[in-house]
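Next up: some structures, all given as structure tokens.
Next come two complexes built around subunit A: one with subunit B, the other with subunit C.
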Partner chain A sequence: MNALLSMAFRNVLRNRRRTLITLAAVAVGITAVGGIRGVLNGLQDSMTRGSIRGTLGAMQVHRTGYLANVMSTPLSLDFANDDALVKKVLAVKGVTAVAPRIQFAGSLTLSATDQDDSPEALFFGATAIDPVLERQVCPDRWKLFTDDTVFDDTHVVLGDALAAAFGAKHDSEAILLAPDRDGSLNGELAQVGGAMRAIMPGEMKIAVVPLSLAQKLLRMEGRVTELAVAIDDTSHLEAIASQVRAAVGPEFEVHTWAELAPERKTIMGIQNGVSNVVAVVFLLLMLLGVANTMLMSVLERTREVGTMMAVGLTRGSVMVLFLLEALVLGAMGAAGGLAGASTITFILAKRGIHFTPPNSSMEIDVYPFMTAAFTVGVMFAAVFGAVLFSLYPAWRASRLRPVEALAGR
Partner chain B sequence: MTTSLLLALMLTAEPPALKEVLTKYDAVMAPATFKATATMTAHRDDGTTRGYKMNILKGADDKSRIWFQEPAAVRGQEMLRNGENFWVYMPNLKRALRLASRDNFQGGDFNNADVLRASYAADYQGTVKEDAAKPETWLLELKSTNPDTSYDSIKLWVLKSPLGIPVRGEYFTSSGKMLRSAEFSDVKDFGNGHKRPSHVVMRNEIATQRFSEMHWDAVDTAAPVGDGKFSLSDLGH
Partner chain C sequence: MALISLKGIKKTYRLGQTDVPALLGVDLEIEAGEFTVVMGPSGSGKTTLLNIIGLLDRADPGGSFKLDGEELAGRDFNEMASLRNRKIGFIFQSFNLIPVLNVRENIEFPCLLRKEDRAGLDRRVELLAEEVGLTKVLHHRPDELSGGQRQRVAIARALVTQPEIVLADEPTANLDSATSEQILQLMERLNASRGVTFLFSTHDPRIMKRAKRVVLMADGKLVDGTAAAHAETHASSGLDHS
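Entry: the complex of A and B
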């Protein structure tokens, strides 16, 4: 076997030009596949980070049935924001911070600058957050705010779409109107503190409202509809979520960010699907190249095979020899390709890719990376695939009849 | 004998013109001017209820105003409709803010237009026909001709006699989804020849646990209604 392997190596190196071309094809293909995957990894990581640190938190606690009822009146599924509950959540290992929130809907009227006495009201969805506690759970939320934005107990921050619709200026007076917890209308005054960029393109009219103001508006003093939870290590998300679930009891439901934003998971699923198809197509093309090289090699070396058989090499050994040659080709190509892909991802990760998606006003920072599992998987696919695609040429070589092969027929 | 003959005549009668039925309906549900007191009870999904007491004033030319008395949370609030525009006056802010006609009327399952814009003759076209399931009524199938109406289409069952008194209504979005349904009952003579259902139950067909009852305690169609009550600047006074 060792002898066969060293022969295989030497045979691969015999026709250097052809081997180089084949290796180049395999390496370029794998570099491309690895590079695409690496950038995609970075993009998805950035999306995940954006969701967890920007808006959702790693997980959220609600009254049981809240998510199923979001369409009707979630305000009635509220709970007292008491220390006991927060302490229970904070006591779970891995939980680093908890922030209370209220999600509600209402309409917003800006005081007109001219003397038109009835300015337009616009419907909007609001997230009420505590200006201090929220920073510990979703610090990146502040990155969404435009420069000079003020967010405190008297200032609201309007989403891009809402701010643009109003042409809102800093410190203009904003009147929030909303049905309270019991459905009765209530209104409160606030100031516009600034605007907030959209994370996903095409976001609805939204605003961020200080929790204390929302509690007054909704007549829900001391009550909230949501606790957003930050954790130290997102790779333990599911485990921590189930511990939080156990800690808060059946009166509450706990959802991870991925359950809360299933569309983001779906987008990632589609991205993965497309990149997998591209990878498989690239791999097939590369392996067909390897198969072609091997077949050429068998046809050229008919006499040689005849000679080997004449001196006693078995059919099996001939087959193994050619398969080993394919294996060496595949392994060398994959190693080269993965080295290329790693170099590219490393350079890109060092610099970061910064871009602003169309329809969004927020820059996205992508730091590509490749996982060990992916690297091993590609290596295996290339080596195993090269052997598989060379079964036919190798079989043909092993079927040659020595007498005819020696005659070059 | 005479009654059955009459009944038979009634049952085989040709449907009247839609315009005639809707004019009658409007006269029942939204007389030209009136002063009224009403109570709405909102039944919420969690089983709780909340009662709203209000005074209603309707003026000519699509103007209406409501003063809320109860509960304490909304005392002092007022609503005003002038044509297509709706406002709510918030006493704590001393300001009038715009409302959408499609928004819920306080915490209930009526929308603002159901209460403040109850006439249909001007905004809807459609057909009048028999409904075998409710032989004492005409079934009106109405389609909005005005983009500002809060329902795209309405199915309305009104009594054949006295013509125009509603029994049931079903209210649809443009996609054909039923948003609400109403049952009208307890027809009462409020004086001055004005007869109307004094009780309306509005069911929310989206959140089906919810419904609201509107009870008309008094309706005075002869009360003098001054035009000055329907200006924005009068709100809060």
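Entry: the complex of A and C
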């Protein structure tokens, strides 16, 4: 086998121009596939970070049945925001912070606006947060706020679409109206502290309200509808979520960010699917190139195969020799391509890619990277694929009859 | 017991719809240590006969082919490959060296196929290289050698497995006169010193002059399968020596 492997290496290097062209094709293809995957990894990582550190937290704790009834009775499934419950969650290894919240819906009227034609009232969806504790769970939420935004116990922050609809100014007086948990309408006054960008397309009428104000508005003093939880390592998310579930007991349900925002998982799934299709197409084209090179090699070396058979090489060994050559070609091409892709992702990761996704007003930072699993997978696919696609040329070489092969037929 | 024993060997090629007979029932025995030449005009069946003896091609069913007393009819491809590796050496008109291997590797290649012990092989390759005059070029590639040197490599490769018989198809056809002479002397010496059996197919009258036995072929048959004749006898036989 060593002798055949050594010969395979030399045979690959024998027709240098053709080998270089084949290797270049494989390497460029894998560089492209690796580069695309690297950028996509960075984008998805950025989306995940945005979800976890920007709005959702790594996981959320609700009263059991909350998510199933979120559209009908979100406030009736509230719970006391007591220290005992928070301590139970914080006691779980890996949990770093907990922030109480209330999700509610209401309507908004501004008393003074820049626009004569501003609407009288608009419905909105609000997240009520504790200005201090929320920073420990979703610090990036503040990045969504425009630069001069003030957010404290008396100021609300409006989504930019909502603010634009009203022509809202700083410190405009806002009247919040919302039904409490019993259905009775209540109102509270607040000041507009500023605007915030939507993290996802379609988030038009949103607002962030201080928790204390929301509790007064909804007549829910000391009560909340959810706890947002931050953890130290998202790669252990599922395990930590299980432990939090066990800690809070059956009265509560715990959902990870991916369960809370399945549409983001779906988007990532679609991205991965498209990326995989592109990778497979690239790989097929590369492997057809390898197969063509191997077929030409067999045709050119017929007499040589005959000679090797004459001195005792078996059909199996002939096949192994050509498959080893394909393996060497695939491995060298994959190594070159992965080196190229690593270099590109390294450079891009160092600089970062800053862009604003379509339909979003928020710029995101993407830091491309390749995972070890992807690198190993590409290497395996290139090597295994090269061998697979060279089965026919190798088989053809092995079926030559020595007497005809020696005559070059 | 003869080293090679052929009885009623026939071979027919099919070209399109036409059957072309190449051998029409050849009976031939070759003893160990012979230095035999198969001669005959082009198309007489010399190369076909050597291919069958060398297990590179199969005879039509019906005849008998024994190598060292062992009947070879019906062997599968890999058994024939193994027999070629162990018992038969080949010297080709175009040398047929493997271009990516250097001289040493070309010589030892057949032994590597049977996973021979490295230490013993190294010694044997060096002795052979010395005997055929290749010591100084052991690390050269075939494209760095002259025609004569290449044929010496082919001879060393044919002998390295210590075969029972070496088959040489027109071994001097691509060499100049002086080099041909050297190669012939080398093969004669190896025949005498090592007792290696040589069977040539050739048009070269110089080989015929040196042959201990000449087998004449015409139209797929042996004209005289047993005659031991020296070159002088056949030099004027009217055969095609071109």
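The rule is simple: the second predicted complex is superposed on the first by the 401 of 409 C-alpha atoms of A that agree within 3 Å, B and C clash if a C-alpha of one lies under 4 Å from a C-alpha of the other, contacts with A are read in each partner's own complex, and residues count from 1 in each chain.
By our rule, a residue touches a chain if its C-beta (ideal position, glycine included) is under 8 Å from a C-beta of that chain, and two chains touch if they have at least 3 such contacts.
No experiment lies behind these values; they were computed from the predicted model shown.
Colleague: Quick check on the superposition: with subunit A as the shared anchor, is it clash or fit for subunit B versus subunit C?
Modeller: Here the two partners, once superposed via subunit A, fit next to each other without clashing.
Colleague: Once the structures are superposed on A, label A:123 by its partner contacts, choosing first (subunit B), second (subunit C), both or neither.
Modeller: first
Colleague: Touch test for A:189: subunit B only (first), subunit C only (second), both, or neither?
Modeller: The first partner, subunit B, only.
Colleague: After superposing on chain A, what angle in degrees do the C-alpha centres of subunit B and subunit C form at the C-alpha centre of subunit A, to the nearest 10?
Modeller: 140
Colleague: Applying the document's definition of touch, where does A:85 land relative to subunit B and subunit C: first, second, both, or neither?
Modeller: In the superposed model, A:85 contacts neither subunit B nor subunit C.
Colleague: Contacts for A:23 in the overlay, against subunit B (first) and subunit C (second): which applies, first, second, both or neither?
Modeller: Touch partners of A:23: none, neither subunit B nor subunit C.
Colleague: Which partner chains sit in contact with A:109 here, subunit B, subunit C, both or neither? Use first/second/both/neither.
Modeller: Only subunit B is touched by A:109; subunit C is not.
Colleague: Taking the superposed arrangement, what is the smallest distance in Å from a C-alpha atom of subunit B to one of subunit C?
Modeller: In this superposition, no C-alpha atom of subunit B lies closer than 77 Å to one of subunit C.
Colleague: If I apply the document's touch criterion, which positions on subunit A are contacted by subunit B in one structure and by subunit C in the other?
Modeller: No residue of subunit A touches both subunit B and subunit C.
Colleague: Mind listing the subunit C positions that touch subunit A in their complex?
Modeller: Going through subunit C, the ones touching subunit A are 51, 54, 56-57, 77-78, 81-82, 84-86, 90, 92, 94, 96-101, 109-110, 112-114, 157.
Colleague: Flag every residue of subunit B that touches subunit A in the complex, lowest number first.
Modeller: 42, 44-46, 48, 50, 52, 71, 73-74, 77, 85, 87-88, 90, 92-93, 95-100, 103-104, 106-108, 206-207, 209-210, 232
Colleague: Can you check the complex and tell me which residues of subunit A touch subunit C?
Modeller: 3, 7, 10-11, 14, 303-304, 306-317, 401-403, 406
Colleague: Looking at the complex, which residues from subunit A come into contact with subunit B?
Modeller: Per the touch definition, subunit A meets subunit B at residues 69, 71-73, 76, 107, 109, 117-121, 123, 175, 177, 179-180, 182-189, 219.
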